[in-house]
Structures are given as C-alpha cells and as structure tokens.
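There are two complexes below, and they share chain A, which is joined by chain B in the first and by chain C in the second.
Let's look at the complex of A and B:
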C-alpha cells in the first residue's frame, strides 16, 4: 500500500485577505468567513489532497499585520512559525495577500520570507483587478520577491489548481531572505547575533530577541543568551522601527517597478458610499433602519412557518398518545419529549432569519463600516471600535463573541468587552422573547408600517446594547488597569454576498443552535417530565383526595380529570420544589411553574420555553394539548383569575431574561479567557441582582 | 416494560446532563469556539 507524504502548510496573512475562504476551498471545510477583520482568532486545521502521493495539513492562523504580535491571537502566529516543537510548525508557509492592499500585505510576507522557510505568496481577489484598475508585472514581481506567486480568487474558486500544482514543487522554492536587515540597521550588532545563534536564520534570531516575552518555549539557557542581547530595550525598539522603515522602502521600490493602480469609477462609488454609511448623522440613521428591518422581518416572515411547526408538534404529540401502546413511556414521549423538542424547533425560522441578515451584512462589507462608525462612541465607554465585532457577534452566541475579543490589544478594553458581552441579546434569548412578546404584545401595526411585536423585539435588543454600554462605563471607571490602545480598521470592499457563504453560515449557525440546545432540552424534558409525573404520598393518593375535596359537587369527567391533574402536578416532586422557591419569585409575578422553568434555564436560557411546554403538557393530561403558545396563553393565575402571562408578568420575565446571566457555557469561557473565577462570578452575581431588581420594578410598574 | 424504558431514558438524560455540566468535555479539533462544535 502506498503511503502518502504529509506536508504541514501554515496559512498566514493580514486580516480580511480571504485566508479563511482559501482554507475552505482547499480543505472543503466550512469555517465561518466574513467581510470584516478578526474572524480567525484561533488556528484551524484541515486536510487537502495535493496529489496522489501528497497530502497537505493546512493550518489557518489568525490574521496579523506583522509577525511582531500585539494581541493574543497574533502571538499564535509567532509561536507556530518559531517554535519547532509546536505541533503545527509548518514545512512551508503560504502568505495570503489581497490584490488591492499589496503594499501593507508585503510587510508580513517580507518578515516571513526572512525566516528562510519555503514561502509562497498567494494574491487573492485577483478577479477584481480589472474592476479596480490594478495591473502588475507578475514575472518581475516574482523575481524581486525571490518567490513564486499564485493569483487566486478564493470566492470564485479560481487559481486553486495552480496553487496545488505549485505546492507540489515546494522543495524547489527559493528560500533566500528578501531583506538583508543587518547592513541597514547595525552591522556589528547583527554579527554578534549571528555568532551567538549560528543555527538560526538571522531574522529568526532577531525575532527571538525582540519577542522574548512571547516565546515561552525557549530553554532557560537560551533565554539567558537572549537577555544579554536585548538588555538595552531602547536600542531594540529603535532597531525595530528602523527595520519596519527599511522593509517599507524595499516594498515601495518593488511595487514602483511592478504594480500600477488606477482609481476607477468603482473605487469612486465605494468612496461615496463610505461617506454616507459612516456619516455622523446618516450613518447612525441607516444603521438604525437596518436594525429595524431585521427585527420587523424576524416577526413578519417567521410567523407562518412557526405556526406550522407549532401545529405539527401539537398534532404529533396527540398522534403519539393515540397510536402508541398505553403506558408511562408513551406518556413520556407525548408529554415530555415531543413538547420539549417542539419548544426549540419552533424557533428555527426566526433564528435562521437573524443569521441570514447578520451574514449578509458581514459579507457585503457593511459590518466594517458599522465598526468604524461605532468606534468614536465606544471609546467614550472604555471600549474600542474592535469591541463592536464581539458585541455584534454576541447576538448569535456569547461564547465565540468572547473569543473574538482576543484581537483587542488593550487588556482593560478586552476585559470590559468580555464582561459586557453577555448583555447583548444572543440567539438563546430569542425563543424566550419571541414567545413572551407573542403572548403579551398585540400583533398590530403602528403608523401602518411597523409591527408592534417587531418594535418590542428591537427595543429588547437595544436594551441589551444599552445595558452593555452602561456597564462598560461603570467598569471603565472602576477598574484600575492602565490602558493604551490604537484602533486601526481596514475598510473592505463592498461585495455582493456570496450565496454559498451566506447559505452555509445560516445552515451551520442554525444547526449548531438547534443541535446544541436540542440535546440539553431533550435531556431536561425527560428529567422534568419524570419529576412532574411522580411524587410522594399525596401525589399517589391524588385521585381519592380530589374526590373527597369536591364532595357532592357535580363535575363533568373532563373537569374532574383537570382538577386531578392539577393537584398531582402541584404535589409532584417538581411541584414541591417549585413551591419551595415560590416565595422568592412571587414578588416578580411568577408562580412555581415559571420558577421551575427559570431554574432549568440557568443552564441555558432557551430551555425556558421547552420546560414550560413539558410542565403544562403533564398538567393537561387527557386533554387536547394544543400548541405551546395556546397552552401558555390559556394558563390562569388561580388567585387573580387573570391570564398567567399577562402584561406585568410577561414584561417582568422579559426584563429578567434581558439581564440575567443564564449560560453555563459563557461562564466557563469567561473563566478560560480571563484565567480567573473572579470575573465570571462577578458577572453571575451582578447580572443576577440587576435582573431581579429590574423584573421587580417592571412587574410593579405594569401591575 | 414501559417503566423500564422510562428509567433507561431518565438514566441517559441525567448521565448526559451530569457529563455536560460537571465534567470537562474533550475539545474537538478544528473548533474555534465551543458553540457549534
């Protein structure tokens, strides 16, 4: 049997050069791509068949402007390229550049080339050259850079075969350095460096000297040698500046000889559009309109498929009960599992619509304009424009959003961003909001255009952002951490969204949400059903007790069944537990059944609806169970005789879910990113107190 | 029989929840986040 050779390829490049798109094309994987910087904050690995005898293991590294790291994600690049014992240490490096910003991209290329690793330059987005008026002498450029160059368009899948062909020849690539730094900076000093580390390329030695603090993999003896060479910090800093200037001089010279860019009408159009979209008044108005469109659509477009799904699960539950053999396992399926799963599947349309909009905004390049627009505001609140990306990502899920904060250079800004991200309305809150809004807010139009339910949802999203910003101000003033930061953002070109990317994004995100939450909800539904269908002595004697209680009253068979089911639920294990916590949640307008759903959803918010669906389903034993919305809508407060989910209770619950930190996954990731339990505990307690007080005030205000 | 099935389902559900929330799960390769992996 033939054994395939495996080469490790590191994919390196500036942010937003289409590295991840290229990675997806090569590996056939479907990693998230976007038209804004900072998508890749950790390395990803995929396999690609280069030829019958050669397999490539491709490592997609986080985007970086230079090999000298300023942020945590950038230091991953340095470690991978310098540390030979790193499992991802590459046999060859592909530097991905973008056709329009070649000058800036070549800085990183020149640094990597000087490491004397086999290096290939891939110029992406080559299909846009003509439209942008860009032309260059490719052969001359190859000669000047001492490197092979491949033009590709990762989005259009062109140039990929040529790239694979070139990878096959990597052993023949020229590994000569591009810039001889020693002569231009300090020849004597670099002679000492060369003699101290003869086994390394000069530039690798120089990098180790300048980045000693980021190189934990070095032995103490080695560190000692480095400490001697970088003892004069001022001199090292001066030499680094000289190096950058020298590199740009070389790049300028090369591009002057080989590269021509003419501003054409397309670029002019982009410039004009940028002026409007980032305008200090129109920019915000447009952004607000976009948000309004998103939230209106979530309610308008999703209502019909949601009703169909809800109806399907109600019928399915009845069908299961009628057709499966009678017994408690059938009850578990019909009253526990089917309503519980229905409680999450119903939200697929709304979640898919939300991700569709987010994906289109990222793909078109509009998201970067939003980041730029928000930077001025964010700075006042102790965050930076870079915080906007995690905050917007937080509308999908707080966990990747917290990880996306890794590209924020300043620790204080990063910590504040991590701490306030859970206030943004994640997709797990959407099911809770959607069902409560549908129950308490009338489905009517304002000014003949705006759907009131959609406006309420938008209000809740804005409330989340406002809470995040106000908390950021508080933290900015409270946290005594020194802070210095610089915000640089690249404005990507406007693009028509790639249908394929948008489709994958929507499918993957929705699937991740449904599968991830579905497993938890299924398990919790089983446990809740069991606890609601079993109990102590009073539960077991429920039939006799109810009969005794009603005495001579004339009740129909259905009325008697309903009374017995209600009594049983109240005396079941879950009923007893719910009654224990009722005094704490009663001031917020909740009964013990809501309390059980509230506690169940501390693991994950989206469990709330499924838990209530299971509890109400057990209670409606023997009756036509109806849809989740109908069951919740029909629930009556036994004391007041009013609907349980009326305006005061519904608004109180919305406030509670807007602020409470109910996600174990997020707490775990905050602990991992801050390396301390202090911050997740602060979030849990702080947000919990805020949620309780807000819900209490809201309930009393609307009562 | 149905009772046995219920207890099996309950055991599996509790086992899953305990494993998910009380034991560290092994991180899968190629995942950049804990959502969707």
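Let's look at the complex of A and C:
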C-alpha cells in the first residue's frame, strides 16, 4: 500500500447504537460538518489515522433502521451507498450495532452486506453484556455472518485499536451477500433483474427498483429500464415485505445458534422509570418542569454572556471607526459588517444552551417519552408528538427548529409544524419586546407579586404559542394532503448522556446555525447599511441644502453635522422607502422612521432596535445623547404633539412583531426544506396580513 | 382481536397481516407475523401504544395498533 493512502469509510447504524460516540472516538476534533449538495442535511466527515500509511476519511451517516428510507435524513444513506458519483461513496462500510438490540441491528447489516461492499460489523456497548444478561459466541457469529466482527465500547474507548487493525485488512474481507433474496421470493423475476443490470449486485438492482423515486442520480435511460421492472407496484410492495420477513428468518436462525439473552436482568429499572415519566399526571408535570428549566436558562443565564457580546461589538465598532482611516470602507466595516456579525454572535449563548438541553434529553432517551406523551395532543392540531422538539427550539430560533422537524415521517404533520414554528417567540423578538414594554408599560406590581412588565412579556409568549396552535388547527382543516400515518418510534433504553457527545453536538449545531443563518443576516446588514448611507440627488446635495436651510442660525459644528445626518437619512434610499410605506403603516400608528425600522427588521427582527438607535442618534440634537430608550421615549409625534411611543403605537408594534414573518433566514430555510416557494410565500403573506390587522385593531382599541 | 384491544401487561402473537395496512418500516423494526407482542403502556390520552415486539421497544399510534390482528396469549 502506498504511503498516505486514503480510504473512505461510511459509518452506518440504527439510532441509539452509539454510532456517533464511535465517530467521535475515531475522529476527535478532526471532524467538520458540511452540507450535502442541494439539501440541508448535515454531513459529518472526520479524519482518522488508521496506520502510518493509511488515513481514513469517515462519514457519519444519519441513523436509520433500514436502507429503505422513510425520511429525508435516511435517504442520504441510500444515496451515499448506491450512487458511485457521490463524493462520499465509500470503499468500505462499518455497521454499528449494540448488544441489546442486535437482532434489529442485524437487519440493516444484512441489507448493507448484500450490496457486496466490504462491510464490517462493530458491536458496541460490549462492556454491558454481563449486566444485561447477554452472552454470545463471537467466533460462531463471525462464521455465520461471513464477516469480521469487532466488539467495542465506544464510551470507554475500548476496542478502538482492534477496530483500526481490522480496517487495514478491508481488501481481504468477504463480500459475499448474506441473504440470497431471489430464491425465496420470485426466482423468475429476479433472473430478469439480473439480466437487465448484470453490472450490479442483485440487491443493489432491487433497491434501485424499489427506491427509484429516492434515486435522482440515475440517467433517463436507466430510469426507463427501472420503470419496466417496477410497473406492478403491488407486487413490489409484496416482495419488499417478503424480503424483510425472510431477512429476519435468517437473522433469527443465526442468533438462535449464537446469542443468549436473559431478559429479566435489567428491564426492571427501565420499566419503573417509564411508568413515572409517562404517567398521566407526573409525566406532564415532569415535562413542564423540564420546559421551565429550559426557558429559565435561555432567558436568565444566557443574558449574561449576551450582554457581554453586545457590549464587545459596540466597543469594537467604535474602536474600528476611531482607528481606521476615514472613508467608505471604514464605514462599511464599522456600521455594516461589525454590527452584522454582532447580530449573529449574540444568539450563540441561547442557541448553545438550547442544544445542550435537547442533546442531553435525546441522549438519555427522555425525548422519546416526550414524543409518546405529547403525540395525541399534538395530533389534535394536525401535528405529531415529534413536533414538540421543533416548537421548543423555535423559542430560540426558527431556523434550527425547522431543520429539527425533518424526522417527522408524515409530510402533512411536518409541513404544518414548519409553517407554524415562526409564531413561537424567537429570541430575536426579545430585544424588540423588551424596549417597547419598557417604554409603554409602567413598572408596577399588581397583586403584590406580579410585575406588570413581566406579565406583558409572558402574555406575548403565550400569544405566540396560541397563534401557532390556532394556525395549525386552521391548516389542519384547510390543507388537503393525504396524511399517511408513518408514526413508529423506538423507545430506547435509558442511558447517562456522554459529555463528549453532548459537547460535539452543541458545537456542531451552533456552528451550523452561524454558517447557515449568519450568511443571510450578514449580507442583509451590509445591504441595509448601503441603503442607509446612499441616496438620490437630494441625498448627494444634503450638505448644501442643510446649510441653506439653517441660514443665519448659529449652530455649532456638531449640531450642523447632526442636522445634515438627519437630512441624509431622510433622503437616503431607505429613508425614501420608509416614506413610501408611510401611508400604509400610518393607520397602525407608525411614522416613516418606524417604517425604516420595519423594513430593516427583515434582515432579523432585533435590527429594529439598532435601526431606531441609528435613526434617533443621528437625529437627536444638542447635548441629548441618552440611551436609546430615553431617546425613543422623548420622541414626539409632530401632528398630535403626544409621545411617539405611547400606549396605542407601542401595543400596535408589539402585535405587529408578534405575528409578522420578518425573517429572511427563516423564509430561505422553509424554501429549502419544503422545496417550494409556495410555503414561504404563504407564511410571509398570511402572517403579514394577520400582523397588520391585529396591529390595526390594537391601535384603534387603545387610541 | 388486535393490539388495540390488549390491556396493559397482556401479550399476543401477531397474525398474518394485510400488506396494504402495515408500512414496511414497522416490519423492519421487528413487528412481524408470528412474533410475540406485549403491551407495556398506553399514553395518557389512550394513544399511542407502547409495545415490545421481537426484542424491540416501539410506540405506535392506536389507529395502527387497531389494524394488527393478534391471537391473545394467556
């Protein structure tokens, strides 16, 4: 073997087998997450040194129970293993199984083995065999499966060296198929299949036949050939069932000869815990407490690092402005790019904490119990028990939340979940709510304990959830999509979470968010900066116009500058846009300056505060350089003479921000996940109309 | 008699089932004709069903449980 040869390894396995633990052990920090071209499924690839001369490039494929996909994630496994032009097409496959569910794990193994690729079986959690009352004859099992088997304990890092040693020999592995499906199902039919595709293993041809819709890498001529073979859908379905039953027969026979399990040993604990966690009272109480803990940490604990980040970027921006040579590039950096990056980084603490909880809850096996507990309730709203996790995630950010909806098997339930997630109060709405509430709601206590401002904030959260639930019910009744119930979930055994796995998961998900959402927010911040610092004729001649206007008034240099800046903003592109929409938003109680903030908010909602800060800081004259809140509070409506941010306008704005779909990042993700512009446009228009109407009603109600 | 008729703690043997009703994925997770199934728990609102079949612990919705015919044991 030549020096530094690279071998591509695909890591495949059922969920909850410790596949990811093994991946983390093998690759450590030498892993990165990319995207599969065209789809947003995370692709985890890592490097591992097998020997001095051999480097492995390991791809951690999404967990799956079978090679026949039922979700988007699972179809990745199929594509990677069948499509030779996929850049991750492996030289060898490692199937990860665990001792306790070996039988079901072997189904996937038998399918992969039949692709006639070099395949190795790794049995994980070998250290727990005795505790679980399991024993098996390893040599005999190797013989029966015609494969090499390595026992590991990924969490304890044992067996990893043996695994690496075995990988070196992969060219010598037996690649004979395990189940000869043809003889047991329909010999005639499979003879035709074999003759049509003599270049493929029989099982690969069969998979292409059954999964044609999931294989978009095939040429039209090839598709044509397949269409002939899978014309009779009923027959294909029947053969797939027969195949699965046949596979389990073989596996049962093999395990009967090699594997002994004494089930009574460790099921007691699981049984007791299940009884409590899915109890009709305690189950919900425990779940409510977990939710409370998550929200508490997202809002209380995350605010400390968030304030630090906020301060850091504000200082950084000022520092850049002060120290870089004056000019358009400095302005771009100090007013466009740095605040843009700051706007993304500020969300890291909340997102990381949220993923920390979700990852721990998933690792322990508790999430499946939540799904079990909530499924019936969620189904009344047209969603699934699996929608709970995305809806919780939505309180941090809708983007990862929408991505977390992928494992919902039914398309209708998944679509409704995706469509209503943006109603949940994401963290970008918080700064907007915070400043508006501080301006319009008195800081009073009612009934002695409840803070009125806090109650308003809580009300807005409830409003978001209510809007999500009500619109889900509406969509459930309106959308005419056949709802095939594909709801089968595994209830895994309880485990202590592995810190290493949790850490990697948090880092990886947070990174994916920054890269995915960050690009859009950053790009838009730059566009907004451009629109605010450029304009038409009257913008360019601003300096002269202002000088003429003030005539003989004695203004200091600073005052003159501010007046000019204010004039410039009004006549910049974005100022013109604000004025343009003023007639539309006037009935809601807003002027063109709030209009600018509304337009700016389409990059991300929290830009509202920043945009108003910019507007009022360039506008405020004289010595008045208070905080943004004071400046907003001092703003006067020139027509009525009242405060601009009075109760009607403030409440109207709160309603508008609670309902409007002001997030380009979310729209882009919805487009990618639903593969259609129809759904994001529906969200934008539907939520926009709702926002407008409720803001209009609110304004008139309080006026 | 179907899984949907079982009481918590009861067992049955899955009979042959119609291919149109049972999705392949359920079969692949171990829910096969001839296998013993035990109802471990029912979620608070009487749905879904938490079963153990062929060594796998699964939760399925009642509508599916109602379609899988069984012979009751014991």
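Following the convention adopted for this analysis, the second predicted complex is superposed on the first by the 360 of 703 C-alpha atoms of A that agree within 3 Å, B and C clash if a C-alpha of one lies under 4 Å from a C-alpha of the other, contacts with A are read in each partner's own complex, and residues count from 1 in each chain.
Heads up, the rule we're going with is that a residue touches a chain if its C-beta (ideal position, glycine included) is under 8 Å from a C-beta of that chain, and two chains touch if they have at least 3 such contacts.
Bear in mind that the values here come from a model prediction, so they are computed numbers and not experimental data.
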Which of chain B and chain C A:238 touches, first, second, both or neither: second
Which superposed partner A:16 touches (first chain B, second chain C, both, neither): neither
Partner chain in contact with A:68 - chain B first, chain C second, else both or neither: second
Touching partner for A:372 - first (chain B), second (chain C), both, neither: second
Contacts of A:523 with chain B and chain C, given as first, second, both or neither: first
Contacts of A:649 with chain B and chain C, given as first, second, both or neither: neither
Contacts of A:399 with chain B and chain C, given as first, second, both or neither: first
First, second, both or neither for A:44, with chain B first and chain C second: first
Complex contact set, residues of chain A against chain B: 29, 31-32, 40-42, 44-46, 325, 327-330, 332, 396-397, 399-400, 403, 508-509, 511-513, 516, 519-520, 522-524, 526-527, 530, 603, 664-665, 668-669
Chain C partner contacts - residues on chain A that touch it in the complex: 65-66, 68, 70, 101, 103-104, 107, 237-238, 240-241, 244-245, 248, 261, 271, 274-275, 278-280, 283-284, 368, 371-373, 375-377, 385, 409, 484-493
In the complex, chain C residues that touch chain A: 19-20, 22-30, 32-33, 40-41, 43-48, 50, 54-61, 63-64
Interface residues, chain B side, partner chain A - complex: 1-3, 5-6, 9-10, 12-14, 16-17, 20-21, 29-30, 32-37
